[in-house]
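The two complexes that follow have chain A in common; it is paired with chain B in the first and with chain C in the second.
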Partner chain A sequence: MIQFVADGIVNAALIALGAIGLSMTYNILRFANFAQGEILTIGAYFTLLVLGVLGFGIGAMGPVAFGWPLLASIVVAVGTTSIIVLIVDWLLFRQLRDKNASRITFIMAAFGVSLMGRNLITLVAGGEPKYFDFYIPKTFELLPGMKVRPDDLAIVAIAVIAFIILFAFMNRTSMGRQMRAVAENPTLARINGIDVRAVIRWTWIIGASLATIAGALLAHNTQLRPEMGFDMLLPMFAALILGGANNLYGTILGAIVVGLTEALAVYVGLSGYRAAVTFLVMIAFLMVRPQGILGEKE
Partner chain B sequence: MEGGLSFLIFFLIFASFYSLSSLGLNLQWGFTGLFNVGIVGFFAIGAYTSAILTGPPYADTLFGGFGLWFPLGFVGAMVTSGVAAFIVGFVTLRLREDFLAISTFGIAVSIQLVALNFESLTRGPNGMYSLPRPLAGYFDSSTLDNLLYLIMCLLIIAGVYWAFERMVRSPWGRVLRSIRDDEIAAAALGKNVFAVRLQSFVVGSAVMGLAGALYANFIGFISPLDFIPIFTFQVFVMLIVGGSGNNLGALLGGLVVWGLWSGSDQLIASILPPTIQTQAAAARIVLIGFVLAVMLLYRPEGILRERRIVSREARLPNRE
Partner chain C sequence: MPEPVLSIKNIEAGYTPSLPILRGVSLDVFEGEIVTILGPNGAGKSTLIKAIAGLVKISSGTVSLEGRDITGLATHELIRERVAYVPQSENVFARLSVEENLALGTLHNPTQHASQRRRVLDLFPDLEHLGHLAAGKLSGGQRQMVAVGRALMAAPKLLMVDEPSAGLSPKLAQVVFAQLVQVKQTGVTILMVEQNARAALQISDRGYVMAEGQEKVHGAAASLLENPEVGALYLGAKSRMARS
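Moving on, here comes the complex of A and B:
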């Protein structure tokens, strides 16, 4: 019975890592980024590329079936994915910002980028599933009736470390405070001399970095497919809405709710309807509390 | 000659599914500014509804196979997709516009899962086959049968076009555009922004459902693989290229983009070896995305601009 809690928390860690970027573009750039899923996918494929170049396999850390080669590849992929995302922003979203395009134009452009990105990946890497490396998953009993893999614990630990760094950045550094200021009131922030362009760059970089980590860890757990990130989009959006769209802590809380819900759906035999269950929970939330668990009314 | 004609008829029948969806989207996006990312979801609801209502009974389903007269299937398709739109719209149309986009995306994903997994209703991945084709069998030639179907599609499109033109020229249509252009001003004038948006969203989605029903009954076979997100994207590109806010533009965009799409399909199939055709199909989607990006940046009004529609009473006599 409590097995689904373990599965759900691992799910939640991956969803939350991906959804932070969604939350940041939502609050700072002010649109729902339908291309967020493809950032996960691109991050995962870059990780695969770097792994291939390094040629050490994915390594191991004691019982954990991945080690420094995978972690080092993720670090490199974080850099390359961020560059790609910044190029796309420069080519498309920056121009839309300069034209003062409506929010919906941004959403539509993002939807187009999502589809193009997915097909570009198919074009370059092929549509068939790929794997980082072959490994035999080991499990042990963490609590009575709750089996976990050492890898799962490592994934949750990586996510927690990433969030600690994220919140330290947002709360302690000048750039983090500037980002929060722009999220709060862009005009006032600009009047006070905040470099909004730098804030936008950092928004993309942070979102893309966490998404790359999410994509790579998801790929390690399952497989690489051009649709892998797109399939995560609905759970990520649900996490954003459930937690409260204008609150980063809320996004993580929302991801935990979504992760547990999906694991419960699988546990009760509705694995085919995972995303649909998430959607129903999201709609129910929008009916009762549209501002989310921790959100404030706009 | 016969081959060319029958290809043209086939092409136009398919173009009419897209043009009708694009017309539905135009009411939502072109006139009301509602961003629907789940067009394929409403199209699929319509297709499955008509398949269940008009289709034959299957040994492995628990519900459906009513074999009803096809207009009932079409009406049923509009009702179910309209009801789905009402639920989504009722929950999200009061909120920030992103929420409608996210929820419509969610409904498209969910509908696909239901189609794939709810086997006792939809037969899952096996699909629903032997759906009756309306108006078939009056002639010996399948070309003439298709021509008759095409005429029916064109009549339906003409009817929807006429109705939409009436609607957007009416006071209600002016409220739609005022909401799109300045929601707060519309609310300040005492217009019920939420109700009007919901009406526009439901009517537009019902038309998408009707397009889905026309598709299902023409092809005679539907499976979850027919309803993928690329459809939503195609319809959006059609409307943007044709000119959102212009009903004729919506129809024209459907024809033009479907022409480019199926033309490039023929080209890829004829000049490229089969081994790289998956990649070529992917490249084509990238290209279409590029067209959309360029349109959004440099000609957001599309081929046909939106016409300025002024109330009859407000028109100056010497401008007539």
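Moving on, here comes the complex of A and C:
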């Protein structure tokens, strides 16, 4: 029974890494970015590309089946994915902002980017699954009845480090404060001299960076497919809404609930229905607390 | 005659180009003054201050700061010109702490953060012990202090305040007005929009009375307090001057 907790936490770490970007675009750019899944996918494929160029495989760190080559590839992929995302913003979303487009226009534009991104990845990289490297996963018993892989612990550790850096950035740096200010009141932020365009650039960079990490770690755990990010979109949105759309800590809590629920559904033999089970839990919770776990009533 | 800190000449502005709210408004604010803009609801007082702040589009006329044309300057660039604006409502970042609110005031002069913070806390000592609290948890008067304090962190030469007494009890409003006098004494020029005419004029050097998007009367604060037409405009009735 306790095994689902281990599986759920790893799942939650990956969902949370992807959902943070969703939360930030929702709060700062004020639209639901349906292309967030493709950012995750592009990040994973860029990581594969860099791994191929380096030619060292994924390396190893003691019992963990990946090492510096994968980590270095992720760092490079974070940079390239961020550049791609900033170009898309400059070409598309900036134009819509300048024309005061409605939220639904932004959402439909994001849908378009999502579709184009997925098709482009299929066109360039092919539709068949790909792998970073072949390795034999080893497990050990962390607690009685709970087996984990060292890689799972490493994935959770990377996610936790990423969240600590993120929250330190948001709370201790001037740009972090500016981002929180724009999320709360964009007009007052402008009155204060905050350059909203710079805040928007940072929003995309942070969201793309965390999504790239999520995509690369998910690909390491499973496989690369053009649909891998799209398949994560619903759990990421569920985490965002369940946690409280205007609270980053809430998004992480929401991801934990979604990750555990999905793992529990698999554990009890409802693998094919895990998305439905997750959404049932989410709807039941939101009927009691519509603003989500840590969200504020609007 | 010295050059005004702020000079507005014949501006027309509004939310839609075909329907200007301001119709040819002019005013001057000189260094060290408190100038209050008065008028009934819908007179265009807040629109005027928002137009100066770049939040409402100006279709004609000019806004000059110490002789330089700043008409149409982007809102986020105004603070670089050392013009700070405190809106009437939602004027603090409620989820950010008081200290974080103040820190956002020195984005363009971060090296002055410590000295400006000291200056603001000397003016508003009550904020000293509230630094860690989220601004949204504060009372109306405390929020107003945070809002004005954050604006002062930018070391402005001109402070524009939109209805600082709105939503406050008469006693608290008097405290806020007294604090604005203290701000003036530190060398900051103040342009204020206010509904509370009598209290505002008592601390002001000069005033402008607006109605229907136009400036109707202006003069020394003491003379406006004695002017029966000012009262007439406040009651929403058309003044003799407006009819003429």
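As a convention for this text, the second predicted complex is superposed on the first by the 298 of 298 C-alpha atoms of A that agree within 3 Å, B and C clash if a C-alpha of one lies under 4 Å from a C-alpha of the other, contacts with A are read in each partner's own complex, and residues count from 1 in each chain.
By definition in this document, contacts are C-beta pairs under 8 Å (C-beta built on N, C-alpha and C of every residue); 3 or more make two chains touch, one makes a residue touch a chain.
Quantities reported herein were computed from a predicted structural model and do not represent experimental measurements.
By the touch criterion stated above, A:N27 is placed in contact with neither chain B nor chain C. Within the superposed three-chain model, A:G112 lies in touch with chain B and out of touch with chain C [touch as defined at top]. Of the two partner chains placed by superposition, only chain B is touched by A:F279; chain C is not.
Of the two partner chains, chain B is the only one touched by A:G127; chain C is not.
Contact with neither chain B nor chain C is seen for A:T47 once the two complexes are overlaid on the shared chain. Contacts of A:T251 after superposition: neither chain B nor chain C is touched. With both complexes placed on chain A, chain A has more residues touched by B than by the other of chain B and chain C.
Once the two complexes are laid over each other on the shared chain, residue contacts for A:S209 go to neither chain B nor chain C. In the superposed model, A:T187 lies in contact with chain C only, and not with chain B. Note: no residue of chain A belongs to the chain B contact set and to the chain C contact set alike, using the contact criterion stated above.
Touching chain A in their complex are the following residues of chain C: 53, 55, 74-80, 85, 87, 90-96, 100, 103-105, 107-108, 110, 150, 154. Contacts from chain A toward chain B in the complex involve residues 26, 31-32, 34, 92, 95-96, 99, 101-105, 107-109, 111-113, 115-116, 119-120, 122-123, 126-127, 230, 233-234, 237-238, 241, 272-276, 278-280, 282-283, 286-287, 290, 298.
Contact residues on chain A toward chain C in their complex (touch as defined above): 174, 177-178, 180-181, 184-185, 187-196. Residues of chain B touching chain A in their complex: 29, 33, 35, 37, 87-88, 91-92, 94-99, 101-103, 105-107, 109-110, 113-114, 116-117, 229-230, 233, 236, 240, 278-279, 282-283, 285-286, 289-290, 292-293, 296-297, 300.
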